[in-house]
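Here the chain labels run A, B and C in written order, and each chain numbers its own residues starting at 1.
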Amino acid sequence: MPEPDLCEISVPNRIGFRFPGLDVPKSELPKGLVREVLPLPELYEVDVVRRYTRLSQLNHAIDTGYYPLGSCTMKYNPKINEDMARQPGFAAVHPLQPIQSVQGCLALMYDLQEWLKEIGGFAGVTLQPAAGAQGELTGILIIRAYHKDRGDHKRTKILIPDSAHGTNPATSAMSGMTVVEIKSDERGNVDLEALREQCDDTLAGIMLTNPNTLGLFDEHLEEVIHMVHEAGGLVYGDGANMNALLGILRPGDIGIDVLHYNLHKTFSTPHGGGGPGSGPVGVRSHLVDFLPSPIVTITDEGDEETPPIYGFYSPPKSIGRVKSFHGHFGMMVRAYTYMLMHGKEGLRKISEHAVLNANYLLARLRHVYHVPYDRICMHEFVAEGHWEDAPEIRALDISKRLMDFGFHPPTNYFPLIVHEALMIEPTETESKQTLDAFADALITIAQEARTNPEILKTAPHRTPVGRVDEVKAAKDLILSCGVSVEEEE
Amino acid sequence: MNIPSDLKYTKNDEWIRVEGTQGTIGITDYAQSQLSDIVFVEILVNEGDEVKQGETCATVESVKAAADVYMPVSGKVIATNQSLPDKPETINSDPYGEAWMVKIEITNPSEVDQLLDAAAYQAHLAEKE
Amino acid sequence: MFLPHTDRERQEMLAVIGVKSIEELFTAIPEKYRFPDLKLPSGLTEMEAQEVLSDLASWNDNLQEMICFLGAGAYHHYVPAVVDAIIRRGEFLTAYTPYQAEVSQGTLQAIFDYQSLMTALTAMDVSNASHYDGATAVAEAVTMANAHFRGKRNKVILSPALHPHYRQTIRTYHANTGIEFVGDEPEADLQSHPQQLADHLDTNTALVIVQYPDFFGRIYDYTELAAKTHQAGALFAVSVNPIALGLLKAPGEFGADIVTGEGQPLGIPLSYGGPYLGIFTTKKEFVRKMAGRLVGETVDNRGQKAYVLTLTAREQHIRREKATSNICTNQGLMALAAAVYLSLVGKHGLRQVAELCYHKAHYAAQQISAIEGFSLWSSEPFFHEFVVRTPIPPAELNEKLLEYGIIGGYDLEKDYPSLKNHLMFAVTEMNSKEEIDYLVTTLAEVSHA
């Protein structure tokens, strides 16, 4: 049974939580500014705990099952991360406390900056962006600021491969750039001819996802970067797929000028049902002056007896601030814990095993599902969820049927250049047994598509709710319920 | 796919019915079928506006997609379909009739000649498939 | 640890793939860049890592040990135990964005609760599923107003009493969108009534943004300013502190078109600045121009009530370069925390905590302004934050207070050069009378030493 609306369970004058009584004299309330109606629910603690516990049980989550979600890196989120972030020494610290009272936070942030610089081959890192999308915005604003600073005002064109995620063009447009799409060649690489045509003096840069959204390492990457640099443009790297590259390749080494990381993908901070994320940005040396401020730095080196003193620093040509305070510090603690536990060897193992798992699944499935760009993949691959001898079956049906086997579906209909795409990213934290069970389920579904297509078309059957009416949702637009039973006073 | 022979078309799936110096604009049957259930339409031009060929005159949304509607030719807006935003689903049921979007006074008749006729539009769709 | 394969399994898997070693999987990577030698330490066990992290945490002064009177956009409030018990549940914590409604009803209905609570709290029609924080929410308000006027109105009026970080973030977001910002020039009179902002209104104005309570803690009735803004055809946005709305007139009541705010006070720990929660509510007529996720109620094919992400055609993954914003997700877990907090404290608890903040802050203001050399900067009504003139530089005061176990106030000079020797204190339900009295005696002592 679905949970009732909040207002349906609210009972007038029920008390959920009591604060201590007032211990100072009352002051006069501001005239004409006091609220008369506060239509919030009236529940007690048991109502609230049961409601949200029961709601939680309607979710699929990493802690309950497997997510083969391409480009999302749904790896296991270690429990120790949560404990570390909740220590009062991190959780109960105000962002504007005097610098001398937050040296632990700053030391952690400084170290995290240094680790991310080393992992990506960058000269500077900002931890401020709140999510990958905001990291992208930061990166593109930096590119724009770089050209403007050189007096190169006409460079406003950003090239984006047709396989790219929708945030790339949205970010560019939001930054006042014009977007030109570049097609992919038949091997899933950036089409060099198409690129060459766009390399002129209006080129600001290119946004590359590498490995790209097909899970493939672009075979012309060095050439693409060289062409863009020769034309005076910069190369933005979408770090959504960094899980394939830890200890494998440093994007900065190969010439990527700016890149965002997703701590919630690569570095195991929880997705939380859609956030908070964290999207630090790394840049090569010519861009460090444009990073958002503030950046954590060492203000006094210290010596053998005294530890260094950390503080903030504003880069001279900074694009400014992209959010309040210093970024999602709580996520930084989690990511840092994860990095510390892996170290240099462990980080490389993460990517090696992410790639191993993806290629294993690919090997088990390529005879059953058509893989349009079929070669050794990186940490993910894209198959087609469609067969000529089962014409009515679409990728969506396969995805919905997977839920009946206890799996979250892969990413659907993305990238756009693959027909009926099923984008599968296993991650390194899944065992062979889980991968086999998932492959077996997909093979069974492929058989069902021929023998019992109806069971796919009507799937899922074993989930808390069935397929939902999205048209009704968009037309009716019921976006809230009244939360109080009380009429206006 | 319904492609009435008395209309002119664009490669972007708009149609225009030319009657004398006036034109009525909407989106094609093919466009509505690609978008599937349309849940929202907003007409972005007002009576009296001078709008150039290729400028956006409306935007259409389904659950899965959103599309801008561009002016097939330049013109001065003489009417917009006021009742359409309240029943966007008519774009699915009657794209060439009740779901017209904008009526214009055509300012540059030579632009009409550059548009596709029904046969050419049909061929264009066949090529796309 | 977190990697499962045994050597034997690894060999089996490589055999299925048809390669001899893991290294063979990486031949697409140019050899000269392949397998860099990272200059990083070796990994630690959980026990060792915990020691490192606990050590770092111990270098900080934390608010369980200190007395805090610092606010300026982030506030020290009590977080009921229920909040963390719920948001720590793996089913919420480790779930993905709820694209697949059939296996995400928990997250979806929790967001629907959040949207319902936010519309009720702000007295607006619709709420999105949240933005990153108070700063980005207000930056997105500018984006929305710009989209609403289709780029035809290019001026935005900013109150100088809007949080400095928010104003900086707005400017970063809109560095290249051709919008001009006025009203918060360095020479702006900080003591003038917000009504004066109306002088900047013209037919090119898209949006007026004020804060409530404002950055300095003051509360104004914005009804008239909103009306004047509407007369000029522009939109009116208010950035709020949600706790204050437990006591104060809702912005919807004075005609706001957009309400944004920092949701951190609603059950979210300070965590040295994040993750927090960006509140964003608006009127129904603007819903399609609003960026960010939205959850709607519908039914499933079994006839049950169900929830789903809706109006997704506005978003970046469909509209690409034509989307209003590039935002992908929301601040899911933080929105859940706020929903649990508001469900629990409810109508009575929110009013109670707001009143506690109000009365304690007024008591503190009275006591501090009675100390020789200290005086209140403004005589306007305020909520739980206020500015005092100090006899010695605030930085010096704060340093001394720290020695007494007190995190002092916010030194305003850095953001407002005209407010040299002005310190801003915040008081919440966390501050007992004893703590306030201790602050007062300590201030008296250290300012005259």
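As a convention for this text, a contact is a pair of C-beta atoms (placed from the backbone, for glycine too) under 8 Å apart; a residue touches a chain by one contact, two chains touch by 3 or more.
Because the structure is predicted, anything quoted here is derived from the model rather than measured.
Novice: With chains as vertices and touches as edges, which is it: line, ring, star, complete or other?
Specialist: complete
Novice: What chain lies closest to the overall centre, CA atoms only?
Specialist: Chain nearest the centroid of all protein C-alpha atoms: A.
Novice: Using mean C-alpha positions as chain centres, tell me how far subunit A is from subunit B in Å, no decimals.
Specialist: 38
Novice: Please tell me the distance, in whole Å, between the geometric centres of subunit A and subunit C computed from their C-alpha atoms.
Specialist: 20
Novice: Once you find the CA centre of subunit B and the CA centre of subunit C, what distance in Å lies between them?
Specialist: 43
Novice: Could you check subunit C for residues that touch two or more other chains and list them?
Specialist: In subunit C, the residues touching two or more other chains are 311, 313, 318-319, 322.
Novice: For subunit A, jot down the residues that touch at least 2 other chains.
Specialist: 470, 474
Novice: Spell out, as numbers or ranges, the residues of subunit B touching 2 or more other chains.
Specialist: Counting only residues that touch two or more other chains, subunit B contributes 40, 61, 63.
Novice: Would you pull the subunit C residues touching subunit B in the complex into a rising list?
Specialist: 150, 288, 311-314, 318-319, 322
Novice: With touch defined as at the start, can you tell me which subunit A residues reach subunit B in the complex?
Specialist: Subunit A residues touching subunit B: 470-471, 474-475.
Novice: So in the complex, the part of subunit B that touches subunit A is made up of which residues?
Specialist: Residues in contact with subunit A: 37, 39-40, 61, 63.
Novice: Using the touch rule from the top, collect the residues of subunit B that touch subunit C in their complex.
Specialist: Residues in contact with subunit C: 40, 42, 44, 61-66, 68.
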